[in-house]
Each structure stands twice: as structure tokens, then as C-alpha cells.
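Look for chain A in each of the two complexes below; its partner is chain B in the first and chain C in the second.
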Partner chain A sequence: MQDRGRLGVVLVAPALAAVLVLFVYPLGYSLATAFEAKGGGFTFGNFAKAFEFYSVDIGFTLVIIGLSTLLIALASIAIGGYLTLGENPRAVALLRWLYRWPLFIPFVVAAQCMRSFLAKNGLMNNTFVALGILEVDQTTGFLDWRGIVITFVWKQTPFVALLAAGAMASLDRSTIEAARNLGASRLRILFEILVPQIMPTLVVGLILSFVTMMSVLSVPLMISGESPTMMTVDMAFRINNYGDYGTANALGFISYLLTAACAWVYLKRQVRQ
Partner chain B sequence: MKRNLALLAVAAALTATPAAAQQTTLNVVTAGDQNMVDYVKDFLAPRFEKGNPKATVRAVGTGPGDAGSQKIAEKLQAQKGNPAWDVDVAVIHQKMAGDLVREGLLAPYVKDVATGKLVTSESSKNALGTNVTGYVIPMFQSQTAIAWNPALVKAPPKDYDELAAWAKANPRKFGYNGIKGGMSGVAFVVGWVYANTPDSERLMKGPYDASTKAKWDGALGKLKEFNRNVVITPGNAGTLDMLNRGEIAMGPVWVDMFYTWMADGKLPPSMRLQLIGPGMPGQPMYYVIPAKAANMAAAKKFVEMATSPEVQAEGIVKKFNWYPGIDAQHVKAKLDDKTWNKLFVDVTPKDLAAKGKTFPIKQYFDDILESYERRVLN
Partner chain C sequence: MIWLGRGIVLGLLAFIILGPLANLVLWAAAEQWYFPHKLPVSYGTKFWEQVFKPRGDALASLMTSIWIALSTVAACLALAIPAGYALARLKLPWRTAILLAFLLPQAFPSVAVYINVARIFYDLKLNGTMFGVILVHTVHGLVFAVWITAAAFAAVDRDLELAARNLGASGLRSFLTVSLPLAAPGIMASAIFVFLESLDEFTGTFFVGVPDVITLPLLMFTASIAGNYQIAAITALVLLIPSVAFMLFIERFLKADVLSKIGA
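The block that comes next holds the complex of A and B.
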């Protein structure tokens, strides 16, 4: 029995060591540095500085990512819903084939594409002008907060839609058929029968998206140079221009708290259920 | 038996060592954009390996901007206790050079290199307030200027005041990349502070006085006002992209990037440059050799080759549109007039001498950026 226990320890050791060395140690180190003054010693100064300079950016980050998460939820419900309830088999097949593409594109590539697509005289507006929908002087660029939201939604929707559509497909179809027989519209079936049942899956997908978007540097950096900007840009700026890891780690700590709060809401919900 | 085998292995290793030592791998680590890595890998390395058949050059890039130099500094600091360091030659920005010299992490190698005598520029002696004489040779000198589109602008502004007036009269036609998206925006802001505060000389030469920044409120307030009428572009390349697409008519750029983009067909050839008064900053990048570089002798040879007039002419000026790092007169002799003049069409040597400034000393530099964050962004 003791031998089996030892074997278990041996088996789990590599994985545990990897987690400790590659995740727990750097996390602990960065959390500790957030409270460390430049010459050493404990301080809240880094946080004071983070709030003094970047409180607007922290709020901006939450608004941008909150808005993106909301739009991602709506778009994934729409895609999942059509894949489940759509009546035109060709349209369903086309959508099924098409919607996953952005899943395989890294954020930095997505940002680079959007940078030339959303610009004032970029591909999108040039197409509108060529089609005669817009005049040249009516065009506006989207390389600001809107561009960030558009890129996030474009990139993250397939991921959440994949989970949502999968969950919808595995539901018992008899409830859908019953509702349909009683004359419910497809929209009503979607929001009163499908969405409530897949809510746990949808929320997991959205939380994972939220956390991913919190960590993205390339998109805000490449799409918009404007201010306010997102916390990741501030962290990079703090390190690159001042060599100031303290304030950068304080910002990291704050963003960690924000994601933790998000996860906590979810866990509480799970426990209640 | 086992012991004998082990002894044999040790003996074999010992006899093998001299042979291995003859084949040296020179680690050349460079900060900066991909073009810097390409320059080392495709231009310098083959030349060096041709002259030194027993050496192989390994080019490593650490990323653009001061962040790239920061990574090199962190690597050297981490190896401080080791007997030999694995960086033989490093190419770093000005801001980090001073720190590394002060920390004793660089070798005073310039006296041992023949081309050391060809270096005359101010920046080879002074890096943002730190005396770096003997530790660095500039690889090139880079300069910022205002790029303008003659199709949209009749006459470019001559100085910061005229530019501010122009931007007001032509809203959203001037663009720059703020301070968080690259150095051309930072340079523009630094130039603005030089233009609108009384003691710009002190900012460049020191001595540092922490109370100076209190006098910048007016200048930064004006800049905040100015920002309302301009476009903030995403990065150095973002400014050039927007110029190319005609979305903005004017913006600060790096001169070398401007000419390289033009040569690649990413900017119309009609675009022009104007170095506005009282001046805009530029900066060199330095060749340095770490104090305990594993291949010190080969490293010195490499830098000597890289700073020779031939290589400076062919590589730095002709291929990459940078201003030479060693004294220009030695380089000019190696080039035809056409190539030489191309570099000085819009920004003349006289302009460069009068309006090509350095960045401020480190403490003032940090103060300017932080004051911008405080007064302009918040």
C-alpha cells in the first residue's frame, strides 16, 4: 500500500513540478514584487502609482472587455441557434464551415489584418466606396476602441460558439419539437428553451474568453494608439520605458483580482445550482 | 574498469577541447526591429565568416525599442557572477548604454579597435548624460523628422509653433503615435518639450534637478490641446501606413524607416521630410562588448569590421539609409555622390547639425514621459 502511494507521488511529480516551477513560482514572484519598493521592503506605493496613473485605463479595460464579452455571447447564441434550428440545410452547412475560421488565427495576426481592414482608407471603407454605398469624405476609421472590440469579438466568438453549438446539439430535441408543435417561433425556442439549458456551458466559454482578452497586448497596441488604453499596454510601457516592474506587477495584480472576481461569480453560481 | 572508462572519457574530452575552441561561435545579440537582425545575419555575418573561416556568427534579436535593450541588460545582469558570458557583441540603445557602463558590465574595448579612431560624434562620448567614452562605437545615427505629403500640404511648417498652428487649421491631418506605441512618437513629444520650455540644453546635458518638471505644465497643457486636433496612430509603422493611405498629411517618422519603406514601395516616392525647429531628437545604436564576453578577441575583430568605412558605406548608408556611426568624411569617400546625396536631400547636413538633437538624460527622459502620462493622458 505504501509502495502504491509512493508510486503515485512519483507519477504526479513531473506534472506537479511543472505547475510549481512554471506557474506558481512566477505568479507568487510577481505578486510579491507588486508589494516591493524599489530598494526592497514592503510598500503599497506601486498600487498608489497604478491607481494614480491608470485608474481610467483599468475602467476602460473592464468596459471594453465587458462589452466584447456581451457581444460575443449574443453572436455565439445566434450562431449556435441557427446551427440547431436553421431550416435551410445549405446555409447551415455553410455557416458551420465558415464560423470556426478565426479560431485558428492568432491575436497578433487578427490585429494586423484588422489594422488595414478597419482604417479610414482601409479595405472595408474602400469596398464601400467602390460599391457606391459611401462617399470618400463620409468614411471614418475604426482604429480606436471600436476596432479593439471588433477584433476581440471576431476572434473570440468562434470559440464560444463552438461550445454553445455543441451543447445545443446535444440537448434532447423532443423539447424543441414539442415547442415547435405548439407553435412557438424559433426565436422564442432559442431564448426560452435552448439558452437556459446551455447557460452553464455558455458562461464557462465567456469566462475563458474574458480571461484571454484580459491578457492580450497585441490587439490594443496594434489597433489603437489612443488614450485611454488597456492595462496590458500600460504594463508593457511601465517595463519597457521605465524598467519599473513594481507598478507593472501591481497592475498585473489588479487584473488578476478582476479575473478572479469573475471566476468567483461563476463558482458561486455553480455551487448554488 | 568503470573508473578507467571514466578517465578515458575525460582524457578524450581534454584532447578534443583545443580543436573545438578553434571553431568559435560568436553570439551577436541585437536590440531593434527585424531589420537589425537581418543586417547582422545577412550582411555582417557572411563578411566576417569569409575573413575568419573558423568563426560562425549567430545573430539573435531581442525585440524593438528600449525593451530590446532592456532584455540584453537583464541577461548580462543575470550572468554577472559567471566567469564567461554568452553575449560576445551586443547592439543596444542609448538609454541602456549608460546603465551598463555604470554597472561595469561592458568592456572598454574601443582603444583596442583600429576603427575607434574614426569615431568623433558627441554620442560616442555621452549617452544621455553618462560618459561612455571608450565603451561604445555607434553603429549608426538615426534621426526623426516630420514626413509630409506634398499632395495635401503646400508648404511644410518650419518649427513646432508653425506645426501647432497648421494642425489647428487642419484638424485630424497630423498624426503621431503618442508615447506608448514607439519611439517616433516619443521623439515628437521630447521635441515639443524642448521647443516649449526654457532650458532644453539642460535636459540634454544635465545636471538633473527634480524640480525642473514643475515648469512643464504650460508646455504639456498646450500639447493636450494640440492632441485634440490630431490623430493618434498605432505605432511607428502606423504613422507611415496612415501617411501612405492618405489618411493623414503629416507625421513624425524615423528617417531610415521612411526611406526603407519608400524603397520597398510602401510609401509614394513623392513624400518629403522636414526636420522642424528648434529640433527633433535622434539616437545612435551602439556596438558594445560585455566585460566578460567568452570570445573577446573575435568580438573586437567583428566590431572592427562592422565599423570599417567600407561596411559603414555599403551596409549602413546604402542598404539601410542610416546616417553613419563613424565620422561621415571617412564614409563619404567610399560612396558615389548619388547614394550619398539621397540621404541628405530633405534633411541637409546643416539641418542635422543645427536641429538634430539628442534625447534628454535618463532622469529627465523618465520625467517627460511620466509628466505626459500625468498631464496629457489623464
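The block that comes next holds the complex of A and C.
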């Protein structure tokens, strides 16, 4: 048995080493650089600079991602709920076919789709004008922070909805039927029976999607690269234009902290239950 | 009335989900499209010929992307098959911690990490090389490779392995002739996942690949920023096809028995 244990370690070691060398080491390097002055030595100067130049963008990042996460949660609950409780089989089948489309579409491609769709004379406004909902001179483009939120929700909802719908489908149908027989409305069943039971799955999906959105560079660059924008764009800008690793890593550190806070809220919830 | 409401909601949803894709397809087919025309003024294949002309930038980028993705798959499988087997079948200390370690690259906002990878690679002269980009993509894809491969091995019937051992097969032989072939569909699924992740990866390549390695997503990005919407739309479509195909067929590769063991 001792031998088999050793064999296991030997087999896992190369893959584990790859993660340590190519991810954990650069991550540590990033944390250290955030607190390092230009000539060496410990400093909080990078953070002072990051807040001085980019506090608006840090706030914007939080608002954009927070709002996106909220909308993704609502849309996923609605989609999962209809897939589980919908009574019209054809509508359910249509929704099941429809909602998954953006699931594996790359972020760059999603950004390019939205860049043309949401523009002042993109397909969205053109359709509104053609339908008579808007006049040509009333149209506005959505290529700013709203466009980023729309792109994130469009791209991330299928993933969270897939998890939520899967969790809802595996719940015991008898409680739903019982509530139904007692005259509960479907909306009430959704929020009082289904959602509380799938909360853990939903929260895991939302956290994964939160981290993903914190990491995406292409969407803010392509939808709205101008200030105010997201921290990822600022990091790339500090590096490409000034070679300023200190400030970029300080911003990176702040983005780790925001993610950690989000994960902590989740862990606290888990412990309490 | 209920019918009408349901129709309107589903129609609106279809517009939101498919509208942006339709806009992309229109741009890919358009030869001329300018304000105030609601649809392209003329359609044609001029830009397709430009994108796919022999020795053009786009074709070179496509080849670069495919080479990087295939190498990434090979590297990931070489690391993940032994690791996945060990995680599924062998005694391992801190097994859960090891599983979680592979999730790390997906659990931190990655831009700052890639910046530092690029800085380290610069000293090692790996910046702007295919090898450097392959390394970055490999670590990023490893979580799918290891987790799905481990689930695939765990779903193999243990009695079949034991039967092979009882008939006198060595451990290695029973692995090669029983476990590996039976886990093959799951391993295939993980390979497709890694291939797509690498094909679509933007941020890591953006920092590590510059200026010499231009993958298809980077080419698309450059075309889009420069306002060449037709070129951007055509390259985006090329990236889109494998992703959508995979979404439609994923259930054929990832069976429920493997799916239920992922991360367990």
C-alpha cells in the first residue's frame, strides 16, 4: 500500500508542478510587486497611486460586476424556473433550445457581436426604428458601461442557468406537486420551494461567473475602453504604456481582495448552514 | 391572452440572444454597409477572399491558433492522464487539496497574474514565442483536463480492472488495455474542452504572445479596433463554429455517469 501511495504522488507531481511554477509563483510575484517601491523596499505607494488615479474605475468595476451578477441571478432563476414549472411543452422545449446559445461563445466574439449590435446604428436600434418604436434621431448607442453589463449578462447567464436548471430538475417533484395541489401559484413555488433548495448551486455558479468577469480584458476593451472603465483595462494600460508594474499589481491585488471578499461571504454562509 | 404574452416574451428573448449573432453574420456577409441603411447595401465574398487568401494574415493566424491549441491539448493530456488516474484510483494524501489546486488558475482574476507571467517569461526569453503561449494555455486548461479525466477514470467499472489483474495482467497492462480505452470518451471530452479554451484564449496571449504570436482572437481584436468590421466578423465566425458545434454535441461526449463524478 505504501508503494501505491508513492506511485500516486509521482503521477500527480508533474501536473501539480506545472500549476505551482506557472501560476502560483507568478501570483506570489504579483503580490510582492504590489508592495515594492521602484528601487526596491517596502511601500504602500503603489496603492496610493492606484487609488489616486483609478478609484473611479475601481468603483465602476464593482458596480458593473455587481449589477451583472444580480441580473444573471434573476435571469437564471427565471429560466430554470420556467424549464422546471412551465406547463406548455413546446414553449419549454423552445426555451431549452434557445437559452444555451452563448454558453461556449468566446468573450472576444461576444464583444464583437455586441460592438455591432448595440452601436447607435446597430441592428438593435435599426430593428426598433423599423418597428416604429423609436425615431432615427432618438436612438442612442449602448457602447459604454451599460454595454459591458449587457455583454456579461448575455454571455454568463447560460452557464449559471444551466447549473440552476440542472439543480432544480434533480429536486424531489412531490413537494412541488403537493404545493401545487394546495393551490400555491407557480411564482410562489419558485421562490419559496425551488430557489431556497438550489441556493448552494446558484451561489457557486455566481461566484465562478464573478471571478470570470473580473478576469475578462477583451469585453471592456472592445465595448468601452475609455474612462471610466474597468480595472482590467487600467492594468493593461499601466503595463503597455508605462511599464508600471507597481501600480498594475496594486490594482491586481485589489481585484484579488474583491474576489476573496466575495468567496468569504459564500464560505461564511456555508459554515452557518 | 396567455398565448400572446408567452409569444412576446419568447420572441423578445430570441431577439436578445440571437440578435447579436445575426448582426455578426450580416457583417460577415456584407460588402458595403453604412448609415442610414438598416441592412447591408451590398453583399459579397470580397472580404472572405481577403481573409482566406493564401499566405494572408488570417490564414497564418488560424494555423498558429490550431498549432497552439493542439500542442496545448497534447501537453494537458500528458499531464492529466497520469494525474487523473491517480486521483481516481490511487491512495493520495491531501486528495481534495490537490483537486482544488488545479482550480486555482480559474479562481483568481487572471490579468495581474498574466502580467507577471509575461515579466518572468521576458527574462527567460519565452515572451513572443509559441512555447510560452502554449505553457500559459496549458495551465489554464489543466483544471478541465484533470477534473474530467479523473471523473472518466472513476466511472470505469473497477471489477473489469480487477478481472484483468486476476487473469495475470500487470498494472500497466490493465491500465493500457482496460482503463484507458473505457475512459476514452471522457478523455476525448476533456481534450475538446482544452482545445476550445486554447483556441478562444485572449488575455494570456495578449500579454505573453506579443508581438510575434498572433492568434485568431488577437487578429479579430485588432481588426475590430481598427474598424474593419467585415474582417472581424469573418474571423469571429471562424471562432464561433467549433464553440457552437460543441454546445450542440457536448452530451454525446460527456455522459451523465462521468458528469456526476466531476470534482468528486
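Throughout what follows, the second predicted complex is superposed on the first by the 265 of 273 C-alpha atoms of A that agree within 3 Å, B and C clash if a C-alpha of one lies under 4 Å from a C-alpha of the other, contacts with A are read in each partner's own complex, and residues count from 1 in each chain.
The criterion applied here is as follows: a residue touches a chain if its C-beta (ideal position, glycine included) is under 8 Å from a C-beta of that chain, and two chains touch if they have at least 3 such contacts.
On a predicted model such as this, the values are computed, not experimentally measured, just so you know.
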Which superposed partner A:Tyr242 touches (first chain B, second chain C, both, neither): first
Touched partner set for A:Val56, first chain B, second chain C, both or neither: first
Chain B versus chain C as contact partner of A:Gly122, first or second or both or neither: both
Contacts of A:Leu143 with chain B and chain C, given as first, second, both or neither: first
Residues of chain A touched, compared between chain B and chain C (which is higher): C
Touched partner set for A:Thr229, first chain B, second chain C, both or neither: first
Touched partner set for A:Glu192, first chain B, second chain C, both or neither: neither
Contacts of A:Glu177 with chain B and chain C, given as first, second, both or neither: neither
Contacts on chain A seen with chain B and repeated with chain C across the two complexes: 115-116, 121-122, 221-222, 236, 239
Chain A residues within the chain C interface of the complex: 1, 4-5, 7-9, 11-12, 14-16, 18-19, 22-27, 29-30, 33, 88, 91, 94-95, 98-118, 121-124, 126-127, 129-130, 136, 154, 208, 211-212, 214-218, 221-222, 232, 235-236, 239, 245, 248-249, 251-253, 255-256, 259, 263
In the complex, chain A residues that touch chain B: 52-53, 56, 115-116, 119-122, 141, 143, 221-229, 233-234, 236-237, 239-243
Chain A contact footprint on chain C (complex, rising order): 6, 10, 13-24, 26-27, 35-36, 38-39, 79-80, 82-83, 85-87, 90-93, 98, 101-102, 104-120, 135-136, 138-139, 142, 146, 196, 199-200, 202-203, 206-207, 217, 220-221, 224-225, 229, 232-233, 236, 239-240, 243-244, 246-247
Chain B residues within the chain A interface of the complex: 65-67, 70, 177-181, 185, 232-235, 238, 241-242, 245-247, 366, 369-370, 373-374, 377-378
